[in-house]
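There are two complexes below, and they share chain A, which is joined by chain B in the first and by chain C in the second.
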Partner chain A sequence: MRAGRSRRLLGLAGLLGFLALLEVVPRVGLVPERYLPPASRIAGALADELRQPSFWVALGDTLEGWAIGLAIAFAGGIGLGLLLGSIPALRAVTSSTIEFLRPIPSVALIPLAVLLFGTDLRSKLLLVVYASFWQVLIQVLSGVQDVDPVAMDTAHSYRLGRWSRVRHVVWPTTLPYAVTGFRLAAAVALVLAVTAELIIGSPGLGKEIAVAQTSGAVPAMYALVVVAGLLGVGVNLLARTVERRVLAWHPSVRRDAAA
Partner chain B sequence: MTASAAAARRVLVVVALPLALLVLWWVASADSQSFYLPPLSQILEAFASTWLGGRLVDDVLPSVARLLAGFALATVAGVALGVVVGSSRSLRATLEPVLEFLRAIPPPVLVPIFILVAGIGTTMKVLVIVSGCLWPILLNTIEGVRARDEVLEDTCRAYGIRGSARLRHLVLRAASPQIITGMRQALAIGIILMVISEMFAASSGLGFTIIQFQRGFAIPEMWSGILLLGLLGVILSLGFRAFENRVLAWYYGLRRAQRGTP
Partner chain C sequence: MRRPLILLAVVGVLVAAGCGSSDDEPGEASGGAQQVKVGIIPILDVAPIYLGKEKGFFTSRNIELTLESGQGGAAIVPGVVSGQFQFGFSNVTSLLIAQSRGLPLKVVSNGVASTGKDKADFGGVVTRDDSIKTAADLAGKRVAVNTLKNIGDSTIRASVRKAGGDPSSIKFVELAFPDMPAALQADRVDAIWVVEPFLSTSLGEGGRLVASNYVDTAPDLTVAVYFTSEQLTKDDPDLVKRFTEAMTESLAYAESHPDEARQVLTTYTQIDEAVIQELTLPKWPPEINRESVETLATLAVQDGLVTEQPDLAALLP
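This part shows the complex of A and B:
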């Protein structure tokens, strides 16, 4: 208990030190203020942003694109992963195609998205879904491969049907992998949602940042970057909470809780 | 089944679907009237005439060079910082929340900041790539250095191995699987940042050129650029896998030995 507390205190000291550094470095002129405003001015700009309805609309737009894209990618990745994983022939035939498509950077689709959908929500979704889908699919595929052959044979000898086998044998083994896929995909989805806003100009935080930059509102730009960072922290925390909740029964999580 | 038939079958399994998809694309788009989806034959023609000439030297290679430079800088900085932070428990506890925050910032939002500080030149683009690639490498190195084997640590102490020998043979060796994992994640982010740093504001480079084609409605050229980016992603990932298999050959061998499979 005491060790945990001193850890937290050190972490807090680290955060405060970081903020102090951000305040002092521009004040003493190590970095010009027009490049890096002091932390207090960024905080002031942040407070201004929080009072503006347009900020909340932008935040909502970003979250909307993130959530819808992530949901589509997650559902698609799990569905296709279970299908390909449970039929060995299908998996063997598709694996080279997956290996080829996966490393294609999703930003390569930006020009296509602009032509087809303009600055529409669908542009953002195309990028988010393409990037996060592979994260889920790859994890689910390795999860299905990890199924214990003895458990599978047992299920066969008890005459479990295909659906019950998936439900009671394959799915519990795959779930931890799927959750890892969810965690990776959640982070990637946020990056791509913001990218679409920044480059394509879909409404959202990224667009606000680009606008702040072109109009020279430097403290506001930094404030929005801070918000994007906090959003990222929030997404990570959410993913970890989901992981603990969903896998509460799993040995890896139970051990953590006991320790 | 004879050995050659088995080998032929394996090759078939690997190439069948990609070939089928390409043929499907070719046939389906052959007499396409759609402005946005030109025939594949036109795209491939555009590919040869667009990229195999002067653009390869003027736009593509500089982009790739910036990516590799940023990636290399981030690796050196990430591993060096990671070793320092990972070796000290209190330093780790102090920096953890700050690092968690910095890592969580989606790297693309840093592009406007770096444009403000460094203009739209090469410095900005390399800085953007470094700033995105650094975190996965740094955090994985910290984790790898922290979780090194205690018995090996004690053995090193007992034999009086310290300084650079300890760093090379114990710390970096123990952390290398984690470092490589971090580098793999970083490379994927690096490609994204290479492209968007050029799309956002630039006057040359791969991302810039592709966006120019799109704005000028040069559709086959734009498609050929998308193909090129995809190819680049695949080549870099294959190259990295070769690098990984070389550097971590000892580790994979060790794991196979531990599992008792030949």
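This part shows the complex of A and C:
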């Protein structure tokens, strides 16, 4: 407990140090104030943003795209991962295709997304789902491969059906991997949601950043960037909480709690 | 073992909800008015369409307008070609290039024009380099434009030629408008081509206007226009006609009510209020200046942006 608190304090000190640096660097003129406003001005612009209803709508749009995209990617990744992982022939047939598709940056799909869906939510979802799906799929595939063969043989000896084997043998082994995939995908999904808004112009925080930028409203732009950063922190905290809850029984988490 | 299953169930519900909410196509008529999406860039050039929407010039013609804004407009031409947007806003040179690549586009209305006044236009070339006195001195210098091989470098070359300089030695650098004033301050480029509000910004920071490239290119140059796909002109000529009428009325209104045009900027941009009052507004004449479009087409050929003389009869209304 004490170790946790001092780590949190150190983290806070790091953040304060960063803010102080951001305040001082423009003030002493190392970077022109016009292009990098000091932290206090960004905070002022942030306060202005928080008062505008359009900001909250944009925040909602970003979160909506993130949540729906992540949910689709997570469900799809688990479903397909379990299927491909449990059937070795299928896994062999698809592995090179997966390795081919996986490194394609989601951003490269922007022209396709625009052609298919214009600037609405579906464009954003295409990018978000494409980027975060692989994170989950790859983790689930490794998880399925990690299943203890002895446990599997035992399940066979006890004449467990396919569904029972998945439920009682494969799934408990895969779950920690899937949750890791969820945590990775949650962060990636947020990055892509904001990117889609920034470049395609789908409604959301990214679009507001783009508008502030094309208007030369520099403090407002940084304020929105800060919000995107805070959102990232929030998403990470959420993912870790989910991880702790879901894997409460798992040795890795139990050890954490004991330490 | 319960929890994971609950988690899966939650995800399933979310997916179902997601599919539900993304299903509502922006298709036909809610309550009679025709749903129309227009792809635009959130800059001051498009103030008339926002003003016209506010004034009801579109609803009175049975058009329910949705303005879709994307940075830099990367999504606009593909959006219009694929039918995601019914109309789009683009500069003339981009459309000439798009047409030369076989994209079936049709101009439906004027968009924005130069003020036609030298050193008092809504865009221009700004420098801090004392050796650059006129446009001719840009030869051999690094000049920032927002997009290479487009209307910026094409009209700057015209400006340099007019001043008696050699445009072939200019080193054009691609930078986004918002980044240009900072690049000029840091001497990363010798001159920048900026439009409002960044023109005001850079002039306020010790920049000096050396050329009004739009003015030098042609009198009252038509800079950008609204366009649609050839498909729509065949499928729904009536909609195109009503949109053109509404746009013409909007342009005329914005042109005769500059204060309201400045006011509407506060609704869709984040430009500082003080800057909005000071900046130079473009012209919004209802008619396209065909002669100036011909000039841009000739320049596009001359600069190698397109390989053959564009078919303006097919492109313009």
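Rule of thumb we're sticking to: the second predicted complex is superposed on the first by the 249 of 259 C-alpha atoms of A that agree within 3 Å, B and C clash if a C-alpha of one lies under 4 Å from a C-alpha of the other, contacts with A are read in each partner's own complex, and residues count from 1 in each chain.
Quick note on the criterion: a residue touches a chain if its C-beta (ideal position, glycine included) is under 8 Å from a C-beta of that chain, and two chains touch if they have at least 3 such contacts.
Here the structure is a predicted model, which is why all the values come from computation and not from measurement.
Student: In the superposed arrangement, does A:24 touch chain B (first), chain C (second), both or neither?
Tutor: neither
Student: A:57 in the overlay: touching chain B, chain C, both, or neither? Say first, second, both or neither.
Tutor: neither
Student: Is A:92 in contact with chain B, with chain C, with both, or with neither (first, second, both, neither)?
Tutor: First partner only, chain B.
Student: Of the two partner chains, chain B (first) and chain C (second), which one does A:15 touch, if any: first, second, both, or neither?
Tutor: The first partner, chain B, only.
Student: Contacts for A:199 in the overlay, against chain B (first) and chain C (second): which applies, first, second, both or neither?
Tutor: Touch partners of A:199: chain B and chain C.
Student: Is the number of chain A residues in contact higher for chain B or for chain C?
Tutor: Touching more residues of chain A than the other partner does is B.
Student: Return first, second, both or neither, reflecting whether A:47 touches chain B, chain C, both chains, or no partner chain.
Tutor: A:47: touches no partner chain.
Student: Once chain A of both complexes is superposed, is A:110 in touch with chain B (first), chain C (second), both, or neither?
Tutor: both
Student: If you stack the two complexes on chain A, which partner ends up touching A:210: first (chain B), second (chain C), both, or neither?
Tutor: both
Student: In the superposed arrangement, does A:238 touch chain B (first), chain C (second), both or neither?
Tutor: Neither partner.
Student: Under the contact definition given at the top, report the residues of chain A touching chain B in one complex and chain C in the other.
Tutor: Common to the two interfaces on chain A: residues 35, 110-111, 114-116, 198-199, 210, 212-213.
Student: Please give the residue numbers of chain C that touch chain A in the complex, ascending.
Tutor: Within the complex, chain C touches chain A at residues 1, 3-4, 7-8, 11-12, 14-15, 17-18, 21-22, 26, 37, 39, 41-43, 68-71, 74-75, 78-79, 81-82, 84-85, 176-178, 181-182, 185, 197-198, 201, 205, 268-272, 275.
Student: If you look only at chain A, which of its residues touch chain C in the complex?
Tutor: 32, 34-35, 67-68, 71-72, 74-75, 78, 110-111, 114-122, 125, 167, 171-172, 175, 198-201, 207, 210-217, 220, 242, 245-246
Student: Which of the residues in chain B end up touching chain A in this complex?
Tutor: Of all residues in chain B, those touching chain A are 13-18, 21, 36, 90, 93-98, 100-113, 115-117, 188-189, 191-192, 195-196, 199-200, 207, 210-211, 213-214, 219, 222-223, 225-226, 229-230, 232-234, 236-237.
Student: Over in the complex, which chain A residues touch chain B? Could you list them?
Tutor: 6-7, 10-15, 17-18, 35-36, 92-97, 100, 102-112, 114-116, 187, 190-191, 194-195, 198-199, 205-206, 209-210, 212-213, 218, 221-222, 224-225, 228-233, 235-236
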